[in-house]
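What follows are several structures.
Note that chain A is present in both complexes that follow, paired respectively with chain B and with chain C.
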Partner chain A sequence: MNPAKIFLAAFLVNNIILLRYIGLCPFFGVSTRFSTSFGMGMAVVFVMMMATFVTFALYHLLLIPLNLLFLRTAVFILVIAALVQFVEMFLKKSFRALYSAMGIYLPLITTNCAILATTFLVIDYRYNLFQAMVFALGTSLGFTFVILIFSALREKLEYAPISPAFRGYAIAFIAAALVSLGFLGFIGLFGLSL
Partner chain B sequence: MSGDLIIRAISILGGLGFLMAIILVLAHSKLRVETDERLVQVINALPGANCGACGFPGCGAFAEKVVKGEVSPFGCPVANDEMREKIAEILGVESEGKEREIAVLICQGGKENCPRKFKFVGRKDCHTVSRFFSGDKECVYACVGYGSCVAVCPFGAIRMGEDELPIIDEEKCTGCGICVKECPQKVLKLIPKTKLVYLACVSQDKGREVREVCKVGCFACGICIKVCPTNALKMVGNLPEMDFNLCTDCGICVHKCPTKSYVDRAKARPYAMISTACDGCGECVKVCQFNAIEGEPKSRHKVIVDKCIGCGECFKVCPIKAITMVGALGYVYGRPTT
Partner chain C sequence: MIRRRPSRLKYLLDGIILENPILILMIGLCPALATSLTARDGLGMGVAASFVIITSNIIISLIRKIVPDNVRIPVFIIIISTFVTIVDYTLQAYQPALYQALGVFVPLIVVNCIVLGRAEAFAYRHGVFDSFLDGLGKGLGFTLILFVMGTAREFLAGGTFFSKSVGIEFLQKNGILFMIFPPGGFLLIGLLKALVNKYVKLE
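== the complex of A and B ==
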């Protein structure tokens, strides 16, 4: 599959939040404000790209030759956690501005299922390294795109006349479901399917 | 499962874990960022309520700014004197005293006194209601009573009362001022904690206009200005403005106000008592605005306790100091004035 199609599929047609329903915790937890959502999105892009790269390398260079495919889950989680810790320390020291921008979200999304899902999917889809990176970029940008849209929606919802029983998360879930229905419209775009 | 596979699995997983641990330990020491140890000390000295009254997102953020020197260490309105001393000590600066303040509602237009002029159907929130014709109360300056202040108080010090006006718990209120900023009708104000008397009305109207909409609204009659013994009141616009430095909380305005627009926070007031040393000169009778002293000239005068409001004017003028203020345990009589 050509990179453009991989990207588009990851970004829209197979959107990780609205169509795969993976990584919903930070999506609902952080999307109450537009500014915090942006920080979250950036952190996800950053971590997802790095995690995909490292775990892909580890899988093909270590686990396959040693015939230890079943250790995939444990090894990936271990590596991603350690990697994010390391990167956080590095950023705090060398790129203070970037660290402040992403701040608390970096450790928060360490073992978020969206990250792990992406690392698994690139292996299941049998992508090469370049395709894997494109997929990771598309997925993380898809996450960011959706969380930004949703945070704008939620800020508006705060002033809407919603019945007390539905205020807060209840209406957020219903809204997300409706947006997800909307995204179903992307299926079939350029021949891409769910 | 072959033993060889198990050994390989364990060694790879263990090895990877060990390797990561070593890398992280090295990274921690090599990539350590110098954080000011005072930062942790200041954070511990702060109240830790994370209320945001200082204008920063949480005590941590405020502490950071203080340690960097970008903000005054006394910028936390919630810290008590002990905490301020501590913070000043950590940073090596002189401690500044600050008057403790509390929030008060400067409106008495509740359900009973100021009715609603229309029924609002929609999100019942002070901000939204306040935007429609300045609120749904007859008086456009009144508190609308939908509880935005209750919701926003980080210390849970406000609750909605029976008459649809917020009640502020004086013990819990820290004077952070968040409710004051939140109120869209601007009927919450910070006053010094020791201030007992204040005008609870913000109506800019006068005369009949006010009387028509609220039973307890100030209609700018000016009586309080005339009766204040220290000239602490001055008419500004259609409201008496109080000079807190001159006001002694005597309470005369509270009783003389025809609409009961003033609020007296004192739980109890003392009353005057004339001792047998009284020579009947009658100076006290001249200053008493409530006709609470009776007596023949040249003979011992007596205070009519029911009429006495405890303002202390007679106490001030008695030439032989025969009058004392009694009763009201815990009442601090006569706030020191400059």
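== the complex of A and C ==
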């Protein structure tokens, strides 16, 4: 599959939040303000690229040659947790501006299932390293894109006259259903399917 | 002042309604939406996740006194991922069709907030039997919602229950396909949450 198609499939047609239902906890938890969504999105892009690269290398250079495939889940989650810690310490020491922009979101990312899911998916799809990185970029930008448009929508919902039972999460889910319905329209674009 | 010990039954029952992981605590949403396309998928995912919650709760409660505080999270993660791997391989061997349907969400149980959340908030501070009850309650609450959603979506989309027709001609011919597409899941959980907001009064 060519890289442009992989990117578009990950970004729009198989959008990780709205069409695959992965990464919903940060999606609903963080997307209440536009600015926090942006910080979270950038942190996800950064960590997802690094995590995909590292786990991909470990899987092909360590787990396959040593025949340790059953350790995949344990190794991946530990690597991601350690990586996030290192990135946080490194940014804190060397890049203060970047740290203050996305530092507080980094610890939350360890349990963001979008990261772990992406590292599993590129292996399930048998991508090579380049395709895997393109997929990670598309997925994380898709995450950021959706979380941004959705946070703008939720800021409006705050002031909308909504019946008490639907306030908060309930209306957010229904708004997500409508946005998701819009994204369903991308199916078939460039011959890509769900 | 004597503080009354909360009754054991409360640990079990809280998870089902008053502290339902999905509809009240709002955690573990991803599998709840993604694997509730049919009653079978919902039930399968519920049982798989419940197994991991219960067993990891028991083990973490057993070793809570010997694990140093500052390395507890990595220890929890290793214990949880061990049980997730067991579930992963067991499903692959005995329920290949279900495994295919659940896909990447089986290994993703490891980052399910319910499992790590219960380990940290409950099992690390309570005895083995209490932790077992808590895990069982949370697992049942999780399974219940997945099963209800799976049943509703399967029924509305094609008039079936566990892939068998329930004899409503109209739905079989004019199934609401929307329900098994991603937006249907969001809509259904939004409506369930609104129902809970209206009828379940939290203290």
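The rule is simple: the second predicted complex is superposed on the first by the 194 of 194 C-alpha atoms of A that agree within 3 Å, B and C clash if a C-alpha of one lies under 4 Å from a C-alpha of the other, contacts with A are read in each partner's own complex, and residues count from 1 in each chain.
Keep in mind that, in the parts below, contacts are C-beta pairs under 8 Å (C-beta built on N, C-alpha and C of every residue); 3 or more make two chains touch, one makes a residue touch a chain.
Nothing here was measured: the structure is a model prediction, and the numbers come from that model.
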Report task. Answer with clash or fit: chain B and chain C placed together on chain A by superposition. Result -> fit
Query - Touching partner for A:124 - first (chain B), second (chain C), both, neither - result: second
Query raised in the report: Who touches more of chain A, chain B or chain C?
Result: C
Report task. Quick one: classify A:18 as touching chain B (first), chain C (second), both or neither. Result -> second
Query raised in the report: Is A:92 touching the first partner chain B, the second partner chain C, both, or neither of them?
Result: first
Query raised in the report: In the superposed arrangement, which partner chain does A:190 touch: chain B (first), chain C (second), both, or neither?
Result: neither
Report task. Answer with first, second, both or neither: which of chain B and chain C does A:74 touch in the superposed model? Result -> both
Query raised in the report: Counting only touches as set out at the top, which of chain B and chain C does A:165 meet: first, second, both, neither?
Result: second
Query - chain B versus chain C as contact partner of A:62, first or second or both or neither - result: first
Report task. Name the contact category of A:174: first (chain B only), second (chain C only), both, or neither. Result -> second
Query raised in the report: Hey, in the superposed model, what angle do you get at chain A between chain B and chain C, Cα centres, nearest 10 degrees?
Result: 80
Query raised in the report: How far apart, in whole Å, are the nearest Cα atoms of chain B and chain C in the superposition?
Result: 9
Report task. Could you give the residue numbers on chain A that contact chain B in one complex and chain C in the other? Result -> 70-71, 74, 78
**Report entry** Residue ranges of chain B touching chain A (in the complex, touch as defined)
**Finding:** 5, 8-9, 12-13, 16-17, 20, 23-24, 27-28, 31-33, 122-123, 128
Query - chain A-touching residues of chain C, taken from the complex the two chains share - result: 26-27, 29-30, 33-34, 73-74, 77-78, 81-82, 84-85, 88-89, 104, 107-108, 110-113, 116, 181-187, 189-191, 193-195, 197-198
Requested in this report: In the complex, go through chain A and note every residue touching chain C.
Outcome: 18-25, 28, 70-74, 77-78, 81, 111-113, 116-117, 120-121, 124, 164-174, 176-178, 180-181, 183-184
Requested in this report: Would you pull the chain A residues touching chain B in the complex into a rising list?
Outcome: 62-63, 66-68, 70-71, 74-75, 78-79, 82, 85-86, 89-90, 92-94, 159-161
